[in-house]
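In the two assemblies presented below, subunit A is common to both, partnered first by subunit B and then by subunit C.
For the complex of A and B:
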């Protein structure tokens, strides 16, 4: 006779997660608390760390320029997430419907870009889209262009690179949810004379919505915090808040203003995500 | 010889030959010591390795490790962990040293411990005995003579209509960008306290400026790829590109130029003070002092004798040119450069 294993107590569970908790507290919570405090320092330098002031938040929130940068950053996040959803959903869906042995290599291809350093990936794009890069060489050799064109330093280039960096998160999120949807439901819809589009819109999408939403939020959050991509691929006219934070922290040495900007984008990102979740819950969750 | 004595002799010889190098290494003054220094990367670090680190290892058994990265980021890391800094010595330019001096993080260097320190020209001792100056780098206008037909003559030429979409300048808020702004202001009747003329030039240059890379290496890459054809850059890096076959011309504006002095300083908390002194001594020796001019054509800070060929290729190679090097109030510049960067971002981004 088999005995049922004893249910672990609350104390045991706490003990099991304590190493993770310790790491999170030491390397995430404490630095965040310190950064939050730094955003209220009175001075602008990074040597003096004292006083309490709301000046840095005021500086950002009452300056139309910075507000427009914030809006532009959120827009980049939304556009990137939408493009990732459009491209990533079919990939995630097809991977979920494949037998495990055929899925393995495709999964490796999807995950591979995540194993590379972001700087390496961005430099790769600079090499591909540069004047002496692959794309220009092909276009000139094929006679489409007379001479190399500047393909970098514009919004499209930034979106392309952000999509390439974040699309694995969308694909994996969609795949994990679609794999749980019983294919019988699609057959049932077909039996009820629903065409492919109706099945997709009224059966697959609502059921895959949690995965789509999770992917959207992940991609959005990663995209709005990007700083290397806008700096290296975006040129002088692409404004994303991540590169402004980098500039304040590393060049201007104004840690307090940089910290304030970091918390403003964190707050804006959380608010946007919460709104999105509430909207999705109203649209897809039936009570 | 019989077998047993032969084996004894052979084993003693083998043991002696194996032990000899280690005994010799142990006998060297700084054997087993490794100094950590933040590096500038590329040609800079390799020149210092060949002419400063390697001789020290040969002579004293002292190892020197250059940890390449962005100097601004290195400074932030160093100040953030001031009780246990990540480096023994800090290599940085005038503004970095101004920050470290203000943070009281530097050890004093004495000529008694470092005799070559006495050879430093007085006008390069911007931070007294707290940092050893070893080269002078200047921010100058540059252009690719193959792609830019009309030669540039000043910083303000970045706004010329024929350079539309091809100008690369340093990222606003950084030291080289601040020096460029001083150059623009100086050429157009402004000054550190009146930057309006410089902002006007930046507004006119807006259609021309394609990129403002965050690091020297990325800016260099854009010129090497001929993505950028003109801009403002370090004179030594322009020389580096010429050695790699790019027709890059360095311009010496007649109204004056702005530059930084590069220093190495000993950080408080350095565990190997004596070894750090030995590093500075070698850095300021003839061999160490010529390392950077030979590799990058940056200027010198001591009375070292320059070979004629090298002298002719340095930016400051005559009293007339030296007179055109404009002085900078670094503590004031550090206070203002964030504000200038913000203004330039607003001009270019809206």
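For the complex of A and C:
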């Protein structure tokens, strides 16, 4: 250890870490614990906050309708994550291999959707896919459509928008892992007369697997908890748990049911992550 | 021969995918900006005519101006608070050995992985109980929580690149600790600190997934206002407001890029 400018005392340390601990315990840990408790309230949780019952979970899990919405939501999550992995990988890989000078503007484009407000991004897609939007103009002008259709309110639109807002996580995650893979390994594979596909499948993908996995889980968790996108792009025809939760909290005022659904989504996300990790572990052990 | 063909297909496919992804990433922002200059009442692309009327009506709109002010105000406060809290925490993580340090760091970064909707309704419960609902303070604390991981990460990155020998040199020259801090440590960390601050601002300024559950009549932030506008209509007026938000975000990104490079944003 090097000597430090101010001799580290216990008091100093406590002073440094206690504000963060206080804020995160009060406004992150406590709300989550509370929410968990609230999902077991006997009543609706908006006015009366007491009692213990499993009614809200039963209401969700024994109702075929809610279960089908849950399955649909998870499918949206999986499809979004797969699309992100397939098209995000080449981008993350090439970013990692580019010299910093040429990386600059590409990085800005990747980071913009992350920092930009989600509503603005989603509104942009409403403008692109709407009746008089860019896509319709192109399709009508090229003669593929006789008259403009609305391209919103369908599954494809929801998935496109979910992919666009989550793909930066995948790209950055792949990029940070690929940056640590020595390019020498690829040259070695090429010297052994592997073509690019073989190098890609046998060298790059296995080495970049941790980055792909991290990105996959992150994209999945964000996608299944989405509510802005299904509400604005999906409309009433697309059903995702997120928009149900929003409705329960903001208009039906059945807070406990909303809380139960939030934990079901959180649990589904954790379960999926654990499953994926177990799968990956088995694969790596076998090799 | 076959090897060449596969290589060529791979590189063309890779190029096509990359171009498509970059276009997809930039498209919503570009379309919004272009359509905000429309002259008529409907949002269309390509826009008919060119005018600044929607910007004029945005700035003349009281509701919008109130939200813009609210968001700016909360953003600045959240930025200052999360910077103070996050800097102290990052400094402790970098400079001190203490039991539970890894867990502490994980806690500091954990708001990144909690879904916005879950945190939002959790806070709604908490605030309904403590009477912080319908107040700016509630929204402010929520935004501080959201901004902390970005601050901690950015400050940690610049602390890890910091050359400690400079501090030692200053101390060898008999500079008292607070002078070392003020004249050596702080100036060297300044780009990282400023980046963290503007990052925190933009996280607060743009957040909607948590804030949507916490706003009330007089405390509606700009993104939440925009959310309710888009639910009702999608005219060029909404595009003008969105463009203002894009401009703010882009300025912030460019500032950070200048200060520490876009590399370390991620």
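Note that the second predicted complex is superposed on the first by the 261 of 287 C-alpha atoms of A that agree within 3 Å, B and C clash if a C-alpha of one lies under 4 Å from a C-alpha of the other, contacts with A are read in each partner's own complex, and residues count from 1 in each chain.
As a convention for this text, a residue touches a chain if its C-beta (ideal position, glycine included) is under 8 Å from a C-beta of that chain, and two chains touch if they have at least 3 such contacts.
Please read these numbers as outputs of a predicted model, since none were measured by experiment.
Under the clash rule set out above, the superposition-derived model of subunit A with subunit B and subunit C contains a clash between the two partners. In the superposition on chain A, A:101 makes contact with neither subunit B nor subunit C.
Using the contact criterion defined above for the overlaid structures, shared-chain residue A:69 touches subunit B, although it does not reach subunit C.
By the document's definition of touching, of the two partners only subunit B reaches A:253; subunit C does not.
Judged by the touch definition given at the top, the superposed model places A:150 against subunit B, while subunit C stays out of reach. When the two structures are aligned on the shared chain, A:126 is found in touch with subunit B and with subunit C.
Using the contact criterion defined above for the overlaid structures, shared-chain residue A:232 touches subunit B and also reaches subunit C. Among subunit B and subunit C, the chain that touches a larger number of residues in subunit A is C. In the superposition on chain A, A:15 makes contact with subunit C only, while subunit B stays out of contact range. Clashing C-alpha atoms between subunit C and subunit B turn up only in stretch 127-135, chosen from 127-135, 145-153 or 163-171, once the structures are aligned on chain A. Overlap of the subunit B and subunit C interfaces on subunit A comprises residues 45, 126, 130, 132-133, 231-232, 246, 249-250.
Residues 1-6, 8, 13, 15-17, 19-21, 23-24, 26-28, 30-32, 34-35, 38, 45, 49, 87-88, 90-91, 94, 100, 103-104, 106-113, 115-128, 130, 132-134, 137, 160, 163-164, 167-168, 171-172, 175-176, 193, 195-197, 200, 218, 221-222, 225, 227-228, 231-232, 242, 245-246, 249-250, 255, 258-259, 262, 265-266, 269 of subunit A are the ones that touch subunit C when the two sit in their complex. Residues of subunit A touching subunit B in their complex: 44-47, 65, 68-69, 126, 130-133, 150, 152-153, 231-232, 235-237, 239, 243-244, 246-254, 257. In the complex of the two chains, the subunit B residues touching subunit A come out as 70, 72-73, 75-76, 79, 99, 102-103, 165, 171-175, 209-214, 218, 221, 225-227, 334-335, 337-338, 341, 345-346, 348-350. Touching subunit A in their complex are the following residues of subunit C: 2-3, 6-7, 10-11, 14, 17-18, 20-22, 24-29, 31-32, 35, 42-46, 84-86, 88-89, 91-92, 95-98, 104, 107-108, 110-111, 113-119, 121-126, 129, 141-142, 144-145, 148, 152, 164, 167-168, 171, 177, 180-181, 185, 199, 202-203, 205-209, 212-213, 222-223, 226-227, 230-231, 234, 238-239, 242, 245-246, 249-250, 252-254, 257, 261-263, 265-266.
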